[in-house]
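Once you scroll down, you'll see the structures, which are given as structure tokens.
Two complexes come next, and they have one chain in common, chain A, joined by chain B in the first and chain C in the second.
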Partner chain A sequence: MIHNRDMIPERPAPKSVIGPLAWLRANLFNGPINSLFTLIGLYLVYLLFVPAIQWAFINADWIGTSRDDCSREGACWVFVNARFSQFIYGLYPSEETWRPNIIFAGFFTLIAWLAIPRLPLKRWVAAFALLAFPVIAFVLLHGGYFNLTVVPTSQWGGLMLTLLLATVGMIAALPIGIMLALGRRSEMPIVKSFCVVFIEFWRGVPLITILFMASVMLPLFLPGDINIDRLVRALIGITLFQSAYMAEVIRGGLQAIPKGQEEAAAALGMTYWKRMGLIVLPQALKMMIPGIVNTFISLFKDTTLVMIIGLFDLLGIVQAALSDSRWLGFSLEGYVFAAFMFWIFCFSMSRYSQYLERKLHTGHRN
Partner chain B sequence: MAQTAIDNADLMVEMHNVNKWYGDFHVLRDINLQVRRGERIVICGPSGSGKSTMIRCINHLEEHQQGDITVGGVPLTQDVKRIEQIRRSVGMVFQHFNLFPHLSVLENCCIAPMWVQKKPRKEAEELAMQYLERVRIAEQALKYPGQLSGGQQQRVAIARSLCMHPEVMLFDEPTSALDPEMIKEVLDVMVELAEEGMTMLCVTHEMGFAKTVADRVIFMDQGQIIEENAPEPFFNDPQSERTQLFLSQILGH
Partner chain C sequence: MSVKSTPRPAGQKPPFWRDRAKRALIFQLLLITAVAAFLLYIVGNTQDNLSERGITTGFGFLSNTAGFGIVQSLIDYSSQSTYGRTFVVGLLNTLLVGGLGVLAATIIGFTVGIARLSPNWLIARLANVYIETFRNIPLLLQIFFWYFAVLRTLPSARESMAFGEAIFLNVRGLYLPQPLFESGFGLIPATFLVAIAASIALMIWNKRRHEATGKRIPAGWLSLVLIFGLPLVVLIATGVPVTWEMPELRGFNFRGGITVIPEFLALWLALSIYTASFIAEIVRSGIQAISHGQTEAAQALSLPRNLILKLIVIPQAMRVIIPPLTSQYLNLIKNSSLATAIGYPDLVSVFAGTTLNQTGQAIEVIAMTMAVYLTISLLVSMFMNWFNARVALVER
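And then the complex of A and B:
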């Protein structure tokens, strides 16, 4: 017979189980082959990392106005410095850059406000961001009202243009994508076939072709007196392309929701739109956050393709600066800078999506 | 409509010669059923006999191809508005609960009163708490369905239906997905509901429940109603061979 008179008190785990040393042993040195790979890996990191740090920081030149200020031993950030305002605003007139600055400030404030859970009035801020802010941004950036000088869209560029294309594309593609996804699952044959054809057409064509068609072919088909702004044409092309992809991502989410969910909503007397809007879509979108953000990130990078129709986004304007005869030979710096900017935005989106997933998790589904 | 309401003032659900096919498969064959207000009906039969399909036709979760269904005097047609009107007065409890996992227990109960009946949030919440109290789960109101046991989830599902003040409740094998120790807590709630006079149609294999509360027991096989009787004669003196066989199989041990 076993009979324990006293409860055994909890004891701390031995040093060989927890702590950094135990982690190292378990994960990096748990055998001769693994130890060897770890050492080779460390050596490779050393080979790559040290020169990169030296190039980018230690031997780099930061201050100056021309290429003569650069020692050429490391990166010449002077180039990026000198061209910085072009990289951000494109060919926007320098005395008017306060206008994009206000929009930048507003844009990032709105995003932060919506992303930080503690801040109040989310609904109103979201309504402002979706309805009023685009109008304000257009009026301020384009001008022509309130004695503001007109800055045609052909002079917009750089990071400003990249953010504009990506944001408008994302915000417009999401609702269109939702409608297309619902339409593709519809029982009405006309709606269904329209959505299938639309999605398959736009998904089957490369974005570069769509942009090229929008810019070169469309004006040929339109009557001569109708002239749609090139930026608007690019925006429409990107949005339609993106919404087709979005539709398929969302359809995947819709298919993963058990049929019982819609039945339960129907049994409570909800109309189709309420079943979708209150029950099915919230669950499907939550489940599809990784897929949706993945599409957003690829859109963000795809905006660089507008280069081929003569719009200068961040990458385009960096490339244009590289061919400046005063700054020949600094392509590495230019591309590293562009890559870094893109990476910051894409990485932020990725982190935010992970945060959202955790926040919206409400235990296992039935 | 006014005429039917006077003629059949007492009839809650009426099915007349209802037929349904899944492709070539004849699932419901000439179903005739009349349920009076306040009546409690238990439907049993082997799996695949069409029991669930039959009650799912009543709120048009399944479509029937022939025959007429009338619910509370309103004939069920293809008209979406009509279907939604009928669904508002018919509550349904599913085998797998089908609670909305992204909403808390309280929100599960409030969502239909708020969005379908346009009740203000406060009123809907008070109503929800009242029914959650009745199914003895009010203390879990702020939890999510995924945090509850099966029996608790099914009781929430019953409360969710009751919040719409249905005139008739359909139960589609409400205890079949539950662990044995949780069946009783759900049946207790259903018995209370029956005692309060709710019109109920229950597809279930809980014969104890049928004996306690049913006014009539219906036995179905191969898409037909084979036998229909009060519980006492149904269990003690089944007429058809198939009913006898079925009863011996489920009560035999």
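And then the complex of A and C:
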């Protein structure tokens, strides 16, 4: 018998299976049809991305102060540079921008704290973010207390206003949404039908008509001597709209909790509010976070509509800057900048929600 | 933990606040009172405000002369027409951009969604770039982009871009040849309808025969041939009773043909491209939701690849796809109200915009506008409920 006591040394896999060439063959050129598609795809990339990169980076002007500094045929980012502080703060007085800056810093710190799973004290931070922070933000932004000069809401704008509309709309809609979702699952017929009608009404009409309604009809609904700020009117409309969408997300989360949980709580003698507040909602809310983030993304994009009723959010202020006679003809740059800002926010939020979905996905995948 | 409780003497009823039914009744009565009080407060205030401003309520204004023109209308309209007609023109324009938007968004969305699952790495990446780019940018921004940055910067009518001397594109819009139907053309749509009816009959017959005998004919292809071939044959047999009116440059503008205004083009492009990115995701997740075991089982039965797709994957994927798809269609129609930002004469723009400003009848105008969208929503959700009940899995 022949024994070979030594192990045969490992040999690398054949060249036809590994390496970039094999990858190309497996993923791009396996078969004539796929090769054709690859070639078409390459041509598309050449057609779209090459001129875009040339325009945005290679042939672009970056520094300067006026349109005379835009000499090359590419993009003129000087325009965005010159208007940058307006795009972020709107018409907020420039010597007071430290106030929004503090709020921006606090806002992003809170968001990061809540989003990163490792950091402790989530519950307290969330309570602070939902209850105390909005008050601090209002006092600091609006002024009038502690010797701060008053900055009327008509001067708020830009990215600051966009974030403000989206987050305030969201925070205000959360409790209303929870109430509506619970009401829609209620066994009391009048409560249930009231909630169904409320939700379906606000979900059935476009946000723009709600904003029109808030800005035109709301003053008619109130006694003549009460005058509501235009920003508050928009916020009321956005909150009503958002709470209906939120209610549906929350209802979906509630439905995912097995009925046994509530029945067990009832068997322990808990009242309705204890059953909901201590057993069902904590479990459901955790599962709803991806859905809530998704509705927040749509709300964030939808806040651009407030420019139609005369508020200057990020898109509104860009649009206004484009009609400045000193900077005519830079609409592409303005829109690309605004699109980039919105894209960064929405894309990172949607990635976060996908990450959460994967993390929370404990079900059985077939 | 010990709970002290004294048993209630027999025959004594619990106090009313411990009785669930009574508590529910009281709570609901309170709710009704609160809502009614709120409504009364609003109505009272509104009446005071309206009488103060001298606005009369009612729908009488609908028969007044509007006095403004509309750049695009599907029915006869002039500045002498009434506000009621303005409403109809706006509604039709909304439905036009909505319908064409749904069509284009479906085509782009399904193509991109399937491309996203392509084994070809490059194609899948490109589809992903499309989806992630367009769904993360606000729709209004995209509408502005197409309108102000693309279509408004096109050359003037004299230097317009020509596609084969028939289609022209310039800053004033897109000019297409218009078909002029001669007498005898009515036969072609008639044959078209007949062909559709025949194909439906063929499908039903094929399905019954398949269930009874196991044999099937390629009814899908046959009906495609029927629906497009038959009218074509009739068209040629009757000697093509259509002439095309070409757009022609006269002076500073084009005359003749169909004019597509740039507002429509911008809105339609933005709506279709934006919604398509959502539809693509729906299609992708719908196809991925079909478990791999289904495909493998079909392969084990030695079904060919096209039949696996047609009989196993697509019917099951459609069950997952259609509910979110309809809600995207609904979103598209609601989003078409953004037309007002660039001046496309849709319902919100001409009615909740111009008419409201001219008449001051805020309540009636906004209520009518909302009612239109609510009706569309309700119709769609009724369809959804019907569809869900029809395709719902009957589980153990």
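Here is the rule we use: the second predicted complex is superposed on the first by the 294 of 366 C-alpha atoms of A that agree within 3 Å, B and C clash if a C-alpha of one lies under 4 Å from a C-alpha of the other, contacts with A are read in each partner's own complex, and residues count from 1 in each chain.
Convention: a contact is a pair of C-beta atoms (placed from the backbone, for glycine too) under 8 Å apart; a residue touches a chain by one contact, two chains touch by 3 or more.
The structure presented is a predicted model; accordingly, all values stated were derived computationally and were not measured.
Counting only touches as set out at the top, which of chain B and chain C does A:F37 meet: first, second, both, neither?
After superposition on chain A, A:F37 lies in contact with chain C alone.
Using the touch criterion from the header, give the chain among chain B and chain C with more contacted residues in chain A.
Counted on chain A, the partner with more touching residues turns out to be C.
Which holds for A:P223: it touches chain B only (first), chain C only (second), both, or neither?
Second partner only.
Using the superposition on chain A described above, determine whether A:F201 touches chain B (first), chain C (second), both, or neither.
Only chain C is touched by A:F201; chain B is not.
Should A:T239 be classified as contacting the first partner (chain B), the second (chain C), both, or neither?
Touch partners of A:T239: none, neither chain B nor chain C.
Once chain A of both complexes is superposed, is A:C346 in touch with chain B (first), chain C (second), both, or neither?
Only chain C; A:C346 stays clear of chain B.
Looking at A:Q86, would you say it contacts chain B, chain C, both, or neither? Reply first, second, both or neither.
Touch partners of A:Q86: none, neither chain B nor chain C.
Return first, second, both or neither, reflecting whether A:G260 touches chain B, chain C, both chains, or no partner chain.
After superposing on A, A:G260 lies in contact with chain B but is clear of chain C.
Of the partners chain B and chain C, which touch A:T295 in the superposed model: first, second, both, neither?
After superposition on chain A, A:T295 lies in contact with neither partner.
Chain A residues touched by both chain B and chain C?
Dual-contact residues (chain A): 366.
Would you mind writing out the residues of chain C in touch with chain A in their complex?
Checking each residue of chain C against chain A gives 24, 27-28, 31-32, 35, 42, 45-46, 48-50, 52, 118-123, 126, 132-133, 135-142, 144-145, 148-149, 153, 291-293, 334-335, 337-338, 340-341, 348, 352, 356, 362-363, 366, 369-370, 373-374, 376-378, 381.
In their shared complex, at which residues does chain A touch chain B?
258, 260-261, 263-272, 274, 278-279, 282-283, 286, 360, 362-366
Inside the complex, what are the residues of chain B that reach chain A?
Interface residues on chain B, with respect to chain A: 59, 61, 80, 84-85, 87-88, 90-92, 94, 96-102, 111-112, 115-116, 144-147, 153, 157, 160-161, 164.
Residues of chain A touching chain C in their complex?
27-28, 30, 34, 37-38, 41-42, 44-45, 187-191, 194, 200-201, 203-209, 212-213, 216-217, 219-224, 297, 301-302, 304-305, 307-308, 315, 319, 322, 331-332, 335, 338-339, 342-343, 346-347, 350, 366
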